[in-house]
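Next, two complexes with chain A in common: one pairs it with chain B, the other with chain C.
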Partner chain A sequence: MSIIDVLYRILKVVIYLAIALTLLYISLLSFSPVIGAFALKWHYTLLPEVWTLDNFKFIFSDPFIIRSLESSVLVAFTTSLSSLVIYLLVILFMHYKEQRGWINTLFEIVVIIPLMIPAILLALSMYELYRPTAIGGTFLILVFAHITIVSPYVYRNLYSVSKIIDMKSLIEASRSLGAGLFTTLFKVILPNIYHGLLGAFLLSFAISFGDFEIANILAPWQYRTVTIAIFQYSFKNIWIASAIISIVIFVSVTATFSVAYISRKAIAKYTEVTR
Partner chain B sequence: MEGVKVVNITKKFGNVVAVNSVSFSVEKGEFFTLLGPSGCGKTTTLRIIAGFERPDTGEVYIGGKLVNEYPPEKRKIGFVFQNYALFPHLTVFENIAFPMRIKRMSEDKIREKVKSLLELLKLEGLENRYPRQLSGGQQQRVALARALARDPEVLLLDEPLSNLDALIRMEVRRELKNLQRKTGITTVYVTHDQDEAFSLSDRIAVMDRGRIIALDAPSNLFENPKSAWLARFLRYKNIVESRVVNGEVEILGRRFRIDEFPSVPRDLKFITIRPDAIHISKQIDEGIIKSSEYVIFKGKMRDKLFYGHFTEIYITIDGYEVISMIPTEESEYYKLGEDVYVYVKKRDVKFLVA
Partner chain C sequence: MLKLNVNKGFFIDLLLVSPFFLVFALFIVAPFSVSVYYSLTRGSSFTLENYIKIFTSESYRDAIRNSLLISLKSSALSLVLGTFIAYALTFLPPSVRDLIKSILLLPIIYPGLVIAFSLVLLFGSSGIVTNILRMNFNIDLPSVFNVRSYDGLILAYLSFLVGFVTITLSGVFLSFDKTLIEAGRSLGAGPLRVAFKIVFPIISPALIAAFIQVFIIALSAYGTALALIGGIGNLITLRIITVISDVAYDPHLAAALAMVIAMVSIPSSIIYGKLLKKVVGGVV
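The block that comes next holds the complex of A and B.
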């Protein structure tokens, strides 16, 4: 065996080790709260000294936590549905009307702005902007802010799907066959992009459900979200906070895997169509 | 009667003039082709007729009716896209039935009409398949059937054969021509492929940089290209510079009296001779020398390229290179570097002004 082969093997082992350690680190960070959710006593040991399900029992019996879960679901659902409707109409408009490159370029820029501005700045700006209006102090202000932060993900997701299915051609084909806007939307477009819609919905739901920075500033007292509940319980009882975190993780992981699965299915379906 | 009439349409995208003052009319039942290289404005013109693009100026008439303000769904058109744009979630039957369902026709009528279209396009037995389960040729026929299902006044086809491989393209081309003859539908066809245009069309408009530069029947267009650009585009190979000097025309380095040729333009810039009209011989026949029908040159054979039944022979004449196309079995008599006589009928010399 030459020295090159030996070096190559050592390098391979180092790379595998680095990958394994990275995965382990991410898993520990992500899933240690899940283990903590089942702990009654856990101080100086690798795993909890006393295991229990009482943390979950408490979560589902405490009115504040239940209300925070309901608020998070309401805000995340309203955000996801509203952003889908908004960006579906935008994408449809882009393809339905004569193609205007500047609209695409403008949207490409506008939707990435939330990625560049820190969430706390966005929240404070929205607070100042909407405080004197009717939606100041309602859960809608949080929905508006969440629609802004999910925009890049929803827009990009829907835009990619529209490109995969060649939405422009489908719309034009439908119109050339005598169909108007609504027939085209309901009979041609929606049946072909429901994978993308579902993916964008789940992604936006997970982002909205897991937000703390914006919710902490904008959520009115009767709509405190689950992440605020986590924050508050982290000072009182870390294991109950861990149980709530594990619910958030469950929602996010389920949404992420669903998005990945749906996207893979959609791409497989449409690449077969266009092959 | 006019099927389609386009009057002075212009369309700009930003600073780019895609279509520049284009006018033409297509008779009812005519097969009319817009032919040109990529980016010449042919597809934009078709899309303006369909209503997918709005012209900056000009008018579009379909069946004698001004349709500028009508959206595509209100124009009586059938459009076949380059990528077919079949609805992936619908079966062949439902794709074809789509325009009839929009019109809310009865189920019996829909079944009857879809059946007749499936027969016409030879798609029987495929009605329950999805587009992804069809070959390119079958998808193309479904797209045609779907476009015809709306009973359009005009059928618009945007390079519908370009995604098919060569053999299937030839087959579908014939089917398309037969279909148009059978249905008698006014057709506007867009292509960059000369063979397709010449074999299918009643008339062809050749476009370049947004303008129509020639419009004629295929045979006239092919026989008499008016410019060097058109000749090159129509794959004429022997295009050489020429001029008129003191009542004489210069052809391949030799001068001839103008009156020996039919209609030589004074502003002549080039001449062209089709390779199949250039004859070669090792010894010149007495009859040809005496005939006033021919012009004769002496050249040297430089190269030959085999193309199956035919072979191209490259000959230099007084510094000019010309190509002759002869049957392959004859080409074996000629060796590289040999002197050959080249003779061409005077009427096969085409004079080009630009």
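The block that comes next holds the complex of A and C.
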């Protein structure tokens, strides 16, 4: 075995070690609050010394936390539903007519908006701009801010699905057979892209549900979200904070793993069809 | 008849894109313009006072320096790790690949403060791992590595930046022709030579795009920093939070500070967008 082969062997070991360590680190960070949620006492051992369900009993009886959960669900649901509608229309528009250069450039900007404009700047200026208006004190201000941060996820998901099913040909076929826009939409497009819609919905729900940076600045006092509750309880009682965190983790885990599952199913289905 | 068709088409176009344009104008363009306006005014007169205050004050300059340095370090580290992981993913079966990708996606979706919370829970001065090490191995972790510090923040950032890099690069590596590496290897090139002469030239647009992406994310995120080093750290984002939650609420100064971040993030994200077109595969 030459020295070069040994080098490659070492490189391979290093790479796999890096993966294993990173995954271990991420899983440790991600799931230790879930264990902590069931702890009454946890100081000197690998797993809690005293287990309990009281943390969950507490968070489901505390009016502030219940209220925060309700507002988070309300905001996340409204955000994902409205961003789905907005970007579904955009995707339809892109395939309905001949492609135009400037409009594509505009939609490419969508993908980089959250990167381009820091969330803190957006939240700050939206607070200043809309505080005196009608939406200032409602959950809608949070919804609109969240629509901008989930836009790349929704747009990407829908766009890639529209590419997989070849939406342009579908629309053309449906129109040439005499179907109008609404028939095309409800009878042809939606049944074919529901998995893309579902994936986009779940991802944007999870992102909006887990957002702290915008909510912390923008949320009106009666719509304090669950992440704000986590932040406040992390100073008071870490096990109760862990219990709230584990709800957020549950939402994120469900969303990411089902998105992966759905998209794999969808890709398998459509490659089979085209094959 | 023809005219009617045109009108109908125009109406449908309008119906399809007007919600998007409305949201775009009202909740991206308008707030951004407000920020620009606020940063350039004090009271109601135009002035550069806010920017002068930021760039002449030693403490604000320090905050900018810290923010840039932490973002640079954490993105460089995550770029190295993420590249390795993305490369190794190509050898794994698709189901395992999806599982690893989903795990890496988790910290991206979590609120940043959960990461900070877990780090303190595990490695903080009375964290579980710290306690176990102190009881059983007589190692005092906080004296070696304190999580409530800038280095701890970099460690926290790594957990979600790695995911961004891996997901951006995995598409590139999946479409990468591995026979090139085999060819280089069989001709006697070592790993470094293969990396620099064959792999990097091909993946460099994606590498740069990933770097820009994670750099901006590290620069503009504040949830993790607030929960981890809220009282002690001096970062631009933390200063903004202080300015807006203070008794002396000052939206003009806050806007100017946020514009400092935007001055970095806007040009670099435009470059990112251009590079992205050359990158094969999905980006989060």
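Following the convention adopted for this analysis, the second predicted complex is superposed on the first by the 257 of 275 C-alpha atoms of A that agree within 3 Å, B and C clash if a C-alpha of one lies under 4 Å from a C-alpha of the other, contacts with A are read in each partner's own complex, and residues count from 1 in each chain.
Here, a contact is a pair of C-beta atoms (placed from the backbone, for glycine too) under 8 Å apart; a residue touches a chain by one contact, two chains touch by 3 or more.
Fair warning: this is a prediction, and the values are worked out from it, not measured in the lab.
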item	value
Which of chain B and chain C A:42 touches, first, second, both or neither	second
Partner chain in contact with A:72 - chain B first, chain C second, else both or neither	neither
Partner chain in contact with A:108 - chain B first, chain C second, else both or neither	second
Chain C versus chain B, contacts on chain A by residue	C
Which of chain B and chain C A:30 touches, first, second, both or neither	second
Partner chain(s) touched by A:178 [first = chain B, second = chain C, both, neither]	first
In the complex with chain A, residue positions of chain C that touch it	9, 12-13, 15-17, 19-20, 23-24, 26-28, 30-32, 34-35, 38, 81, 84-85, 87-88, 94, 98-107, 109-115, 117-119, 121-122, 126, 128, 131-132, 135, 158-159, 162-163, 185, 188-191, 213, 216-217, 219-223, 226-227, 237, 240-241, 244, 251, 254-255, 258-259, 261-262, 265-266, 269-270, 272-273, 276-277, 282-284
Sites on chain A touched by chain C in the complex	4, 7-8, 11, 14-16, 18-19, 22-23, 25-30, 32-33, 36, 42-46, 85-87, 89-90, 92-93, 96-97, 103, 106, 108-109, 111-113, 115-122, 124-126, 128-129, 144-145, 147-148, 152-153, 156, 160, 181, 203, 206-207, 210-213, 216-217, 227, 230-231, 234, 238, 241-242, 245, 248-249, 252-253, 255-257, 259-260, 264
Of chain A, residues touching chain B in the complex	98, 165-166, 169-170, 172-180, 183, 187-188, 191-192, 269-270, 272-275
Residue ranges of chain B touching chain A (in the complex, touch as defined)	50-54, 71-73, 77-79, 81, 83, 85-89, 98-99, 102-103, 131-132, 146-147, 149-150
